[in-house]
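Listed below are the structures to be examined.
Each of the next two complexes has chain A plus one other chain: chain B in the first, chain C in the second.
This part shows the complex of A and B:
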C-alpha cells in the first residue's frame, strides 16, 4: 500500500464516509451478470445449504437443500444449480466472430458472488462435482460434472489479475472505495456498503453497527450465523427429518416450506444488497483498458468452451510441475500488465504509484531534442534527452524502461540518471521509441520544455517461457508414483463419496 | 514474589470463577502477545466474555450446533473400536510402521473427571510409557498441565501417540477437510497453535521426571476428513516455529508481575456477581477501569479475543490508526492517530524530529490527492 492509499483510508475514517480510490471501475461489468449467493452448512466439508441465483434482481431462484447431510439431496441441488448456471453459460456460446484461429465468442459469462468466501465455496463445489460419473453405481445427472468443470474453469480464471469472469462484489467495491475500516471488515458486504451507501436515514456508524448484527443483516455467507443455526435452522431441519421419517406428505411439504422461508429470510437481504452494489458500481465509468482485458477473457472462454465441445476431461487435482510453472508465469505477467494498465488509465492509480515512488510526473526543465546516437548496427537514430523536475519520492534505478500515459501511444523511454536536489528530484530520461521511423522525431513525440509529463515502469513484453515436453521432464520435476497423481481422473471417481447418508 | 502477584491477580478477577486458558485465549496470546489488557485478563482468569458483554460489547463467538455435532461425530468415528480408523490412516497414509498398539482412555479416572486427578493419572501413565514399562501406544484425552504465569492451566489434547519413531506425537483431530492434500491455512494454523501448547505441556511433564525435550516430537499429526467424505486422512505438520514462538511468549507471561505492578492498587475487573451470577457493578465504572489499562487493538483480534468489539470501539473513539489494520498503520510508522496524520498532511502540525520524513511523504500524498479532487485533504 502506498502513502496515498493509506491517507485515503485515514480521510475516510476522519470524515466517516467512503473516499474514492480510483477514477474508473477497472473491472468490466456485464450487462447480464449471474449473481450467485451460496450458503453452506457450518462444520461440514462444503455441504451446500442453499443458493440464490439469477441474472436480475427481480428473478432470483432460491435453491434449498432441506437436509444438507443427505447425499441425494446434495446432488439434486448441484443438478438444479447446474441447470441454471449452464443455461446461462450456454447463452454465451452462440455468437462468434472472426475466422479460423481468430474465431471467438463475442461475450463471456460473468458470475458475481458477495465475497471471497463465495468464490471459495464455488471452488469447492466445482471440485466436488467435476469428477462425478454419470454412469455406474453412484451416477449423477450429466449437468453435475459439467457444472463442476465450468466452475473450476471460472475459479482458475478468476485468479488472473484483471479478469472479470468471476468476481466477489466486496473486492470490486474495495478496489474503488477506501473505507475507514480494516481489510478484514471490508470483506463483510454489509459493513462495506455501510460506508459507501448507508441505508436512507442511517448514519455510517448506525449502518456499521447494523451490519454486524446478524438479526438485522444476516451474514452474506457462505456460513450462516451460529445464532440462526441454533435457534431456527436446527429445529427446522429436525422437523423436516421427522416428517420424512413419518412419511407424511403434508407434514413434509410444510416442513420444507418452513425451511425455505427461513433460508429466504437469511439470503434475501444479501441478494438485494448485491444488486444495490452492482448498480452503484455501474455508476462508476469503466476504465478504457478494461476492453482489452475483456478480449483476453473472451479468448480464454472460447478456448475452454471449444475444449468442452470436444469432450473435456475434468481439470486435474494438482497441477503438474510444468503446468504450475506455466500458470505462475501467466499470473505474474497478467498482474504486472493489470497494474500498468490501471496506472495508465487512471489518474488516481498513477498518483498512488507516484506516492509509492514507482512512478513520477513533473515538468520538463531541460531538453536535448536533437540528440542522435549510433546503434550497434551503425545507424544513426534520434535519442532525445529530457530532464523532468519532480517532487515525487522516486525509487527507480537507472536503465528502468518507462512508458507514459501523457504521451502518444508507443512512447518509450528509459531512466538515465536520478539526482536529488533538496526536496525535488531531477530525472533525466532518454526517449527510445514512439518517434516514428524518420531521422527526425515526429511532431509531439518528444516532451518539450515546460511540458508536464508522467512516467511509469514498462511491464514489458515477455516471451512465453519454454518448458520441456512432459515425457522429457527431468526426474526432479516429475510426479512421484502415487495413487492418483498420474492421471487427471482419479480411479475411484465413481465411488468417491460426497458425504454420508447419516 | 509469586504470592503477592497471585494475590493481585486474584483481586483483579474478584468474585468470578477462575477461567483457564483455552484454545481461543492461546490463539490470542500467540497473535497479540503485546496487549496488556488481554494479558492481565487471561492471567487473572477473568471472564472476558462476561466483562465485554457488561460494558455493552458482547463477543460474537457463537458456535453453530452443526459444527459442534460434526466435530464430535468425526472424532468419535476416528476413535471408534480402539481407534481402528485412525490406525488405518497412520499405517496407510502416513506409512508408519506401528508396533502392537494398545489404547488407553484417560478421559476419566474411576468416574472422577476432576482435572487434577486426571492429570495425576496422565502423568503416571505417560511416565511409565516413556520409561518403557507401559502398555499404551495411544492415549485418549490425556490431561496435561501448562504453567502459564505460574498458574496451572489444564489442557486436553485429543490424542497423544507414543512410539511413532520412538517419540511422543501430539495428534489433533479436526473436522475441517483436507481437500486434495490441502487444508485452509488459517484453520491449520489455529490447530497447530493449540497443539503447540500440548507439546510444551507434555515436555514440561516429562522434563520434571528428567526426560529430555527430544522425547516429544515437534511434528504434529493432523487428522481430518479427506476431501468431502467422512473418512479421515492425516498429515504431518511441522510445528517447530510455532512451538518456539509460543515458548517465548509464555516466558514473557512469567513477568506478568511487572505489568501488575504498574496498575493502581485498587484496580479490579470484578463484576461483583450476586447469588444469581448477575453482575452488580455499574458498567460505566467497569469501563473506566478497563480504560486505565493499555490495550493493543488489531482488527485480527475480532477473530479470537472476546474483548475485541470493546477495544475497537475505544480505538475508534480515540481515532487510533489501529482501526485500519496493520497494512495502513505500517505506512505511518510512529504516528498513532488519524488526527495526527491529517494534521501533518495538511501542514497544520509541526512534525517532531523523527516525523520529518513521514511528514514530507504525507504532504506530498496530500498534494497529489488534492490535485485529484478537492477533498480538503491538503493545505
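This part shows the complex of A and C:
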C-alpha cells in the first residue's frame, strides 16, 4: 500500500465514509451486464445450491438445486443456468465489423458476480461441466459442456488485468473507493456498500453492524451462513428428501417451493445490492483507455467464439509447460500495461505512483529545444533536453523510458540524469519521440520553460517471448517417458463417481 | 543440541579441489544432460565457471555462458578474457549496450550484436534475455550462472540453444518471483514461476548435484551459523582460518560509546546485534535507519584497517567496502539520503541496497536492517529465508544487524501459516526456523542501545 492510499484509508476511517481513490472507473461497465449470484452447498467443494441470474434488476431468475448431492439435479441446474447464460452470450455473437482477419464482434458479454468467491465458484462450475459427455451413460444436455467451456474461457480471461468480461463487484467498488476496513473485509459486499452508500436513515456504523448480521444481510455467497444452513436449509432439504422418498407429487412440490422461498430470502438482498452497486458504479465516469482494453476483450471474445463455431474441445485441466510459460508472460504484460494505463488516465492514480517514487511531475526549469544528435544510421534527428524540477521522491534510474499524460499522444522520453538537491530533484529528460517527422519538432511537442509536465515509466512494447513448438517440449520441462504431468499428478485425481444416493 | 562455532575447520569436509574435479569429471563423461552445482555464498562459483569454460574449450567445445544481468556478464567476460588471454571471448549484447573501459582494454574480448559478429570466439557470454532472442543456433554446452535466479519460463526460451547444461547457483538466496497473483500453476512440475533448476530436476532423474564445500568469502565466525540456518542439509565451512581475517580501529573511541560498543563487538567477534528499544514502527522508521547510517558513518570516521589473506599487512577500509542492506527500496532511499546528510565526504560511497540487488555481491563489513525489526506481523515476504540469507552472507569480515527488540516474540506469535498445497514440497530452509537460528546467534552478540 502506498503512502497516499494508506492516507485515503485513514481519512475514510476518520470521517467514517468512503473516500474516492481514483478519478475514473477503470473497468468498462456493459450497458447490459449479466449478473450471476452463485450459492454453493457447504461441505462439498463445487456443489451448487442455487443461483440468481439476469440482465436487469427486475427480471432475475432463481435456479435452485433442491438436493445438491444429487448429480442429476446438479446437471439439470447447470442446464437451466446454461440456457440463460448461452442465450445471453449468443446475443453478442451477432454483429460483426471489419473484414477478413480483422473481422470481430462489436460488443462482448460481461458477467458480474458479487465477490471474488463468485469467480471461483464459476470456475468450479466450468470445470464440472466442460468435460461432461452428451451421449452414453450419464449423458447431460448439450448446453452443459458448452456452458462449462464458456465459463472457463471467461474465468481464464478474467485473470488478465484490465479485462472486463467477468468481474467481481466488490473488486470494482474497492478499486474506486477507500474504506476504513481491510482488503479482506472489503470483499464483503454488504459492509463495503455500508461504507459507500449506507441505506437511507442509517449511519455507516449502523449499516456496518447490519452488514455483519446474517439475518439482516445474508452473505453474498458463495457460501451461506452456517446458522441458516443448520436452522433452515438442512430441515428444508430433509423435507424434500422425505417427500421424494414417499413419491407424493403434491408434498414434493410443496417442499420444493418452500426451499425456493427460503433460498430466495437469502439471495434477493444480495441481488438488490449488486444492482445498487452497479448503478453507483455507473455514476463514476469511465476512464478513456478502458475503450482500448475493451477492444482487446472483443478480439479475445471473437477468437474464442470462432473456435466454438468450428467445434471446440474443452480447455485442458492443467496448462502444459509451454502454455503456462506463455500465459505467464501475457499476464505480466497485461498487468504492466493496465497499471500504466490507469496512471496515464487518472491524476489520482498518478499521484499514488508519484508518492511511491515511480513517477514524477514538476515544472521545466531548463530546456535545450534545439538539440540534435546523429543516429547510428547517420541521420540528424532532434533530441531536445529538458530539466524538470520536482519535489517527488523519485526513484527512476537513468535510461528509463517515459511516457507523459500531460503531453500530446505519442510523446516519448528517456531519463538522462537524476540529481538530488536538498529536498528537490532535478530530472533531465531527453525527448525521443512524438515530435513529428520534420527536422524541427512540431509546435507543442517539446515541453517549454515553466511548463508543468508529468512523466511515468513506459511499459513499452516488448516482443512476445518465443518458446519451443508446443508439441516439442524440451528435456528440461518434460520427463523422458513423454507423459510428464500425468506421472507427477495423475490426470484422474479429480475423477468422481456419479454416486447418486438413493 | 547444536554445537556452536567450532574454531577448527572440520577435517571430514571434502577438499574443494576434489569437488571441482568431480564436477569436471561428471561433465566430461558425457552421461548426463545436466550437472548441477549448488554453491553457498562466496564458494568460488565464478572461479568454477571460468575453469569449466576453459576445460570445455580445451575439449574442442564452443560453450556458451548464460548469466542473469549485464553486470554479471561484464564481470565474467572480464575474468575469462584476463585469465585466458589465448581464448577469444565474445559478449553478445543489445544495441544500446556500451562496453566499459576495462572491457575495451582487453584485446581478446569481442562485443557483438549477433552471433555472426562472434564467429571467431571460443566462448560466448550473454544474459538469458539476450540468449532468448537468438534463433537457430545450437551449442554443445551451456554454463548457466546464478541458475537459481532464473525463472523456469526463461529457461524454456533458451533451452534449445544447448544440448547439455552446467547449472551453477546458490539455492539459499531469493527465489525468482512474479507480480501476477495466480494460483493456477501451484503444484505443477513445470510451474513457470519456479526457478529453472528445480523444474529441470523435477523432470530429469539421476542428474548429479554437486556442492561446493568451502566458502572463501564468509569468515570463520560466520560460516557455521549461515550454514546451519540456511543450508541445513549441505554444510559448508569457511576457507580461511581463525587468524587470517581481522579488523582494527585506527583511532580510539570517544563520545559515541553506544555505536563504538557495537563496532567493537563486531570487530572482535564478527557479529553484532545493535538492539533498539522495543516499539512497533513503520518500515521507514527514522531511528532504525538513522542508526544504521550512523554506524557506517562512525566506522568511516574512526577508520578501520582490515587484514585478510589478500592484504596480509592490512588495508584501510574504504566506503565501497561497506554495505547497508535493507528489505525495501524506500528504506534504501532514506538511508542514502541520511548518508548524504552526514556531511562526510566518504559516506555517500557506502553501498545501500535491497537484498534483491545485493545478491551476488561482496563487502568487508555489512550493516543489515533486520527485515522483521519493529514489525507487528511476520509476513511471508519478511520471513523469507533467502532475504535474510542474502543480507547476512555478503561480508568478509563482520556483519552488524540493527533491529528493534522483540523479533523473537514476533516470531513466536506468528508461526508459519502458509497454506499447504498438493504436490508442493516443503521448502527448506524454513524461514521461521532460519530466523530463529540467526536470532539465537545474534543474541550472543547483543548490544543494547
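What to note about this one:
Following the convention adopted for this analysis, the second predicted complex is superposed on the first by the 478 of 502 C-alpha atoms of A that agree within 3 Å, B and C clash if a C-alpha of one lies under 4 Å from a C-alpha of the other, contacts with A are read in each partner's own complex, and residues count from 1 in each chain.
Following the convention adopted for this analysis, a residue touches a chain if its C-beta (ideal position, glycine included) is under 8 Å from a C-beta of that chain, and two chains touch if they have at least 3 such contacts.
What you see is a predicted model, and the numbers here were worked out from it, not measured in a lab.
In the superposition on chain A, A:449 makes contact with neither chain B nor chain C. After overlaying the two complexes on the shared chain, residue contacts for A:42 are found with chain B alone; chain C is out of touch.
When the two complexes are overlaid on their common chain A, residue A:234 makes contact with chain B while staying clear of chain C. Shared-chain residue A:139: touches no atom of chain B or chain C. In the overlay built on the shared chain, the residue A:393 is in contact with chain B and with chain C.
In the superposition on chain A, contact of A:319 is made with chain C only, not with chain B. Contacts of A:335 after superposition on the shared chain: chain C is touched, whereas chain B is not. Once the two complexes are overlaid on the shared chain, A:291 sits clear of chain B and of chain C alike.
Of the two partners chain B and chain C, more chain A residues are in touch with B. According to the touch criterion, the shared surface of chain A, contacted by chain B in one complex and chain C in the other, consists of residues 318, 393.
Across the complex, chain A meets chain B through its residues 1-4, 6-11, 13-14, 19-20, 23, 41-46, 124, 127-128, 180-185, 212, 214, 223-227, 229-230, 233-234, 317-318, 347-348, 351, 354-355, 391-393, 423, 496-500. The touching residues of chain A, counted against chain C in their complex, run 159, 318-322, 324-325, 327-329, 331-332, 335, 356-357, 376, 393, 395, 399, 420, 463, 465-468, 474-480, 484-485, 488-489.
Interface residues of chain C, counted against chain A in their complex, comprise 33-34, 95-96, 132-133, 135, 152-153, 155-157, 159-160, 165, 178-180, 182, 184-185, 187-193, 196, 199-200, 202-204, 329-330, 333, 337, 340, 422-423. Within the complex formed with chain A, the residues of chain B that make contact are 60, 62-71, 175-177, 179-181, 225, 227-231, 299-300, 302-303, 319, 321, 323-325, 327-328, 330-332, 338-339, 341-342, 345, 360-362, 364-369, 371-373, 375, 377.
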